[in-house]
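Input: structures, listed below.
Shared between the two complexes below is chain A, which pairs with chain B and chain C, respectively.
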Partner chain A sequence: MDNVASLMHGFSVALTTHHILLMMAGVLLGILVGVLPGLGAPNGVSLLLPLTFSMDPVSAIILLTSLYWGALFGGSTTSILFNIPGEPSSVATTFDGHPMAKQGRATEALSFAFLSAGFGAMAGVILITLLSGWVAKFALKFSSPEYFAVYFMTFASFIGLGGASPLKAIVSMGVGFALASIGMDSVSGNVRLTFEFDALLGGVSFLIAVIGLFGIGELIITMEEGLKFEGVQAKVRISDVLRTAAKLPRYWVALLRSSLIGIWMGITPGGPTAASFMSYAMAKRTSRNPAKFGKGEPEGVIAPETADHAAGSSAMLPMLALGIPGSATAAVMMGGLMIWGLNPGPTLFTDRPDFVWGLIASMYLGNVVAVIVVLATVPLFASILRIPFAIIGPIIVAICFIGAFTVASKSFDIWLALAFGVVGYLFKKLDYPIAPLVLAMVIGDKAEDAFRQSMIFSQGSLSIFWSNALVSTLMAIGVVLLLLPLVGMIAQRLRGRTAQSTV
Partner chain B sequence: MKNLCIAAGLAAASVSFAGAAQAWQPTKPVEFVVTSGPGGGTDNFARVIQSIITKNKLFDQPIVVVNKGGGSGAEGYVYGRQNKSDPHRVIFGTNNAYLLPYVAKLGYKYSDLTPVAALALDEFIIWVNGSAPYNDAKSYIEAVKAKPGTFKMAGSQSKDTDQTLTAMIQLATGAKWIYVPFQGGGAAAVQLAGAHVDSNTNNPNENVGQWKAGQVKPLCVFSPVRLAKSDPVFEGKGWGDIQTCKEAGLPLETFQMPRTVWLPADVPADAVTFYADIMEKVSKTPEWQEFVSRTAQTGRFMKGKEFADFVAKDDAANAKVFEAEGWVVK
Partner chain C sequence: MITRFWAESATAVATMAFGLIIVYGALEFGIGWDSSGPQPGAFPFYTGLLVALASLGTLALTIGRRIAGNAGLQESFLDAERFKRVASFFLPLLAFVVLSVTLGMYVATILYLVFAMRFQGGYGWLPSLATAFGAAAFFYLALEKFFQIGLLKGPLEPLLGL
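Then we have the complex of A and B:
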């Protein structure tokens, strides 16, 4: 109950007109940077950081976290409208969000995405409020083997998800792993796969891959299909937003399950991207009609969005309590904390309770403000689809290339994005899934580091993955997730055979 | 080609000649190139300087900070090579500027950079878990020597300062650790707080949060003199109460990492002077003093010959370890 009292105090710190205005400004800026692929939250936060040097820490962090929420929302917008994920964590939203937009249901898809995202974020913040002390201790139990087990779980839940053939999924994942290993390897300190080519030294950013594979690849396909952008006829009415909101409670199972997955991945080091992929996979697996997924199923939007935001907000806890940033954005904010004279770490909660609880209270308020602001922008964004492709197409290309350039201010990245665009087109034509590639790029190198650190810990023995209750449980869940589709396939084949023999 | 070179040389000479009459000033926005990712030690270093310059209006042009931390920071130095003779790109780093080319083929040489200044020395401390039975460095080293190859030392990256220091301690004392490289000092701090490893050699600032909570404790600092006195951090002990490693009886005295500022090669000499003067002004501001003492670094401004001598000495000491460990790439 102590926490609740502190939170109320936090509200009194955060709830001023000045702060609410900062939140709205932050959210709007965030939507702007989130909508531009490549610009993204980390860049937005680092651009704003110098402005905050002269502010007091509470106002500064409120501005930056609001920008972060706004960027997360903005990232989902482009995923749904143009199949271009603004952030890696909104890749999974494209699977069903974009088909919905194509069917003229953009308003519905956007509203579902924003509302469920708000729900997930709330779930994450409530967890922080109630369990902050416990989570900080729990997170200390995680070392490299546990990290690897969490990544393994994510991969396991995604392989054999159906859709494409499992072999093609593995090929795609393999390409992703190879791309992720380009650049400096932090375990050996050697440079890999750069062919002494300077531009590859920093590795290949998954943002470039995402911009190319999804954005440009999608445009090439659209052009081939006759330069028309479906969904042009979509009617945009404010009442549709409200009607969608009324439908949301029907998906309460998905909301709860996805929040739990998101929170879990947020406080363990999985992070928002892994959370959204895993949540999508679980939604499809537990659905009564999995065949609908990928063709515009609302649950396919709700599941990844809820988990993404639940993970995003609960990941703030390890950052504050342990001083480990859960994401690139969190890393920039941590740098900010230090410049404002705060030391993130276990004692931040006791040293600066006004700051910590002010921040947590601002997460409640910021999310409410963010949901209201973005819902108000839905009709605006949805009407973008009514603009003829001949106009919007070239604009998207320009935005993609600008986005690719802004990731690291390298012109080489523009060519790389173009190359990825061609790869994305070929993948689609040959029916190879793109998602496993992106997943492998985002968490592949972390999984590799964790695995090799574990091997250094155990001096080469795999038994380290069964060495304590925590890691064994995680690995066991992973193995079960990996084997389930196989069991299902065998069962189906057996049933098929008996069916045939009876005929 | 030769003519062109001469022409370019003449042009450069005439520029610096004109500069002698009127000191060099930036004429467009200045880029601060950070050789680490956002939130890293070098990132904080550069951004604090940015905020001090902006606040005190030390020069008129706006400053843009860009992170080029790929390849352990090599990306930023390669960028310096690519922008040869451009005095509007200021590169921030550590001793990795001259040490990285030893251990990996990275597409730049130390000669691609022009030294400007160093502003501080970051310190290294041996830390153990808060509930470990050791209270001084000697007894910990003895325990490691008794069971070679079972104790784990966490550090940031591979073949970087932490592993170099670990190798130095091993060579000097005969102790032997399993070195586990993590992404950064923050991760190494948390792994030690969770008792997954036995020790780390983090900079003060990387472990201060865990020390405050009593999850880790410092044994000794690799500095010739004790750190500056500070407010107590944990149980009445502050930075100034930590023994130096020499006091603790280790046959190894100094290991410090300079926080450095560079320009690309072939920039006008006046530009180097200009930035060195700016950095000197920065190092005298109260904001900088506050940053240095908060992060428990040692403030020490070096430029010109003093800096060059420091680099030569540090370079030789590190190169010896790289040779001994077989890390040098041919």
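Then we have the complex of A and C:
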């Protein structure tokens, strides 16, 4: 019951007027970021991060996590009203959410989406409350080889489970690691890979990469497709919300199943996007009338939304307890923690319990605040989308570049953001996954340190990664994950061949 | 028209070049073993090599698929109309970056917003100027006054006493 006591202490940290106001501000900014095309959760957090450098870490993380919740909600709003997912993770919500809105059930769809999202997020946060202390205690036993094995496992699961071409995932990840190693080498003190350019001495910040890859790249794609918003009007009345809320318990099976899927995908770095799709597919497969899906079935809104938010919040567990982010946004936040001088990982629980438990308590409060705020402001944000893109687009461009400059006040970073924008555009169009690149940039130094220290322990022998049960298990899981695409390919070949022979 | 085949191949060649540059850069710092463990170049060397090999794999796969007659690769990656839309967005973006570095970010923001609204969005001078100056004033108050973060300034701001 340690955790409950710690949580109560956390509430005493989080429950101040200042923090509640920060949550509301964060959620409002987050909804804005989630609603606007080209700005998403990872990039919203990146833009806001430089402004928090002077804040106290607890307040700063509350602001950033609230922005994250808000962005997740904002993404669902545009999915339902405009059939345009504001976030990749809310694509699955458009399948049934928009048909519902077109049938005049927009309020119902929005209420279902927000309430089930709140449920999913709560499930994730409860899991964090119960497990994080235990995971952190377990992880205290880790030394360098185990850490390297966990990093290996993380990237192996991106390559094996990511759904994109494994080779492209490797390229994306490797580029991230290479970029992370530019600049000062933390072990030897050498300055590496700057090729005599002074601007590269300080390294390449992952924040610039996120702003370019997710922000500017996304905007170029949006412009190329000639985006038009044709929305459904929505007014949210309290009575309608309550009526929908009363219907929600009927869908308890979907809620529970989707929460479990979301939690699993959040802890393993599958991420919210994969979770929402998987949950939608599961709901459709297990439904008694799958034909209704895609035509405005409430379960088709509840399933992806619950899983999306469950994954989003439980992605914070590996970030806090192990120092491994479960999603691109969590990666950016983890980078933020390191900039604030905190060391994410098991020692954070013993060194800064007020921070950890304040954050966890703020997740409970932040999600409640988010559901209320988002229900109250749907008409406002829907009207923002009616501003023509010819005005909004250039303003977002200016915000992205200004954000890139504020990271380190270097004009070189503006050029770098532009370059990352072009890379993001190409990568997105050619189905290169971007999240591994960001993750590799954030944990690149840590992974390299873990590898080098392991090598020093073992005098250069790779056998150290198989030297005890724990590290061997972790490495074995990683190898299995890596081999999954190969197994899938062979299975497909064999099935193709038997199919041919029977014909 | 650029087909997907050329876009895939060009990107794979570019990432391969990136990987090889990293490999080359890492060689300078030693990729072997010294008294303090692996030399500083070792980790970047192998990641660069991995990038280059995986890119080579993508390239080989793409070419192999083309020889096998995969229809997806013949699809359009960027046609004339789309190219025009991308260019009309990207070129002002490039101009914005150049102006930011030379004239400062506030001036660049105003010029860029006025250009985009007046000449690309088809708005009148008044709403364009009002939006541009409004946005710049908002950034100024929010960043310089509230968060105390200075943006890149050019030769014009001192003349205004900012």
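Following the convention adopted for this analysis, the second predicted complex is superposed on the first by the 271 of 503 C-alpha atoms of A that agree within 3 Å, B and C clash if a C-alpha of one lies under 4 Å from a C-alpha of the other, contacts with A are read in each partner's own complex, and residues count from 1 in each chain.
We take it that contacts are C-beta pairs under 8 Å (C-beta built on N, C-alpha and C of every residue); 3 or more make two chains touch, one makes a residue touch a chain.
Everything numeric here is computed off the predicted structure, so don't read it as measured data.
In the superposed model, A:L201 lies in contact with chain B only, and not with chain C. Shared-chain residue A:L219: touches chain C; no touch with chain B.
In the superposition on chain A, contact of A:S188 is made with both chain B and chain C.
In the superposed model, A:L140 lies in contact with chain B only, and not with chain C. In the superposition on chain A, A:S165 makes contact with chain C only, not with chain B. By the document's definition of touching, of the two partners only chain B reaches A:L49; chain C does not. By the touch criterion defined above, A:G345 reaches chain B but does not reach chain C. Shared-chain residue A:P249: touches no atom of chain B or chain C. Note: residues 50, 54, 185, 187-188, 190, 409, 453, 456 of chain A belong to the chain B contact set and to the chain C contact set alike, using the contact criterion stated above. Listing the residues of chain A that touch chain B in their complex gives 42, 46, 49-50, 53-54, 139-144, 183-191, 196, 198, 201-203, 322-325, 328, 331-335, 338-339, 341, 343-348, 351, 408-409, 449, 453, 456-457, 459.
Remark: chain C residues 4, 7-8, 11, 15, 18-19, 21-22, 25-26, 29, 33, 36-44, 47-48, 50-51, 54-55, 57-58, 61, 77-78, 82, 85-86, 88-90, 92-94, 96-97, 100-101, 105, 109, 112-113, 116-117, 120-123, 131, 135, 139, 143, 147-152 touch chain A in the complex.
Interface residues of chain B facing chain A in the complex, by the touch rule stated above, are 37-40, 43-44, 47-48, 50-51, 54-55, 65-72, 74-75, 78, 82, 103-107, 152, 157-160, 163, 178-183, 186-187, 189-191, 193-194, 196, 205, 208-210, 212-213, 215, 294-295, 327.
In the complex of the two chains, the chain A residues touching chain C come out as 50-51, 54, 165, 167-168, 170-171, 174-175, 177-178, 181, 185, 187-188, 190, 192-193, 195, 216, 219-220, 223-224, 226, 388, 390-391, 393-395, 397-398, 401-402, 405-406, 409, 411, 414-415, 418, 421, 426-427, 429-430, 432, 448, 451-453, 455-456, 460.
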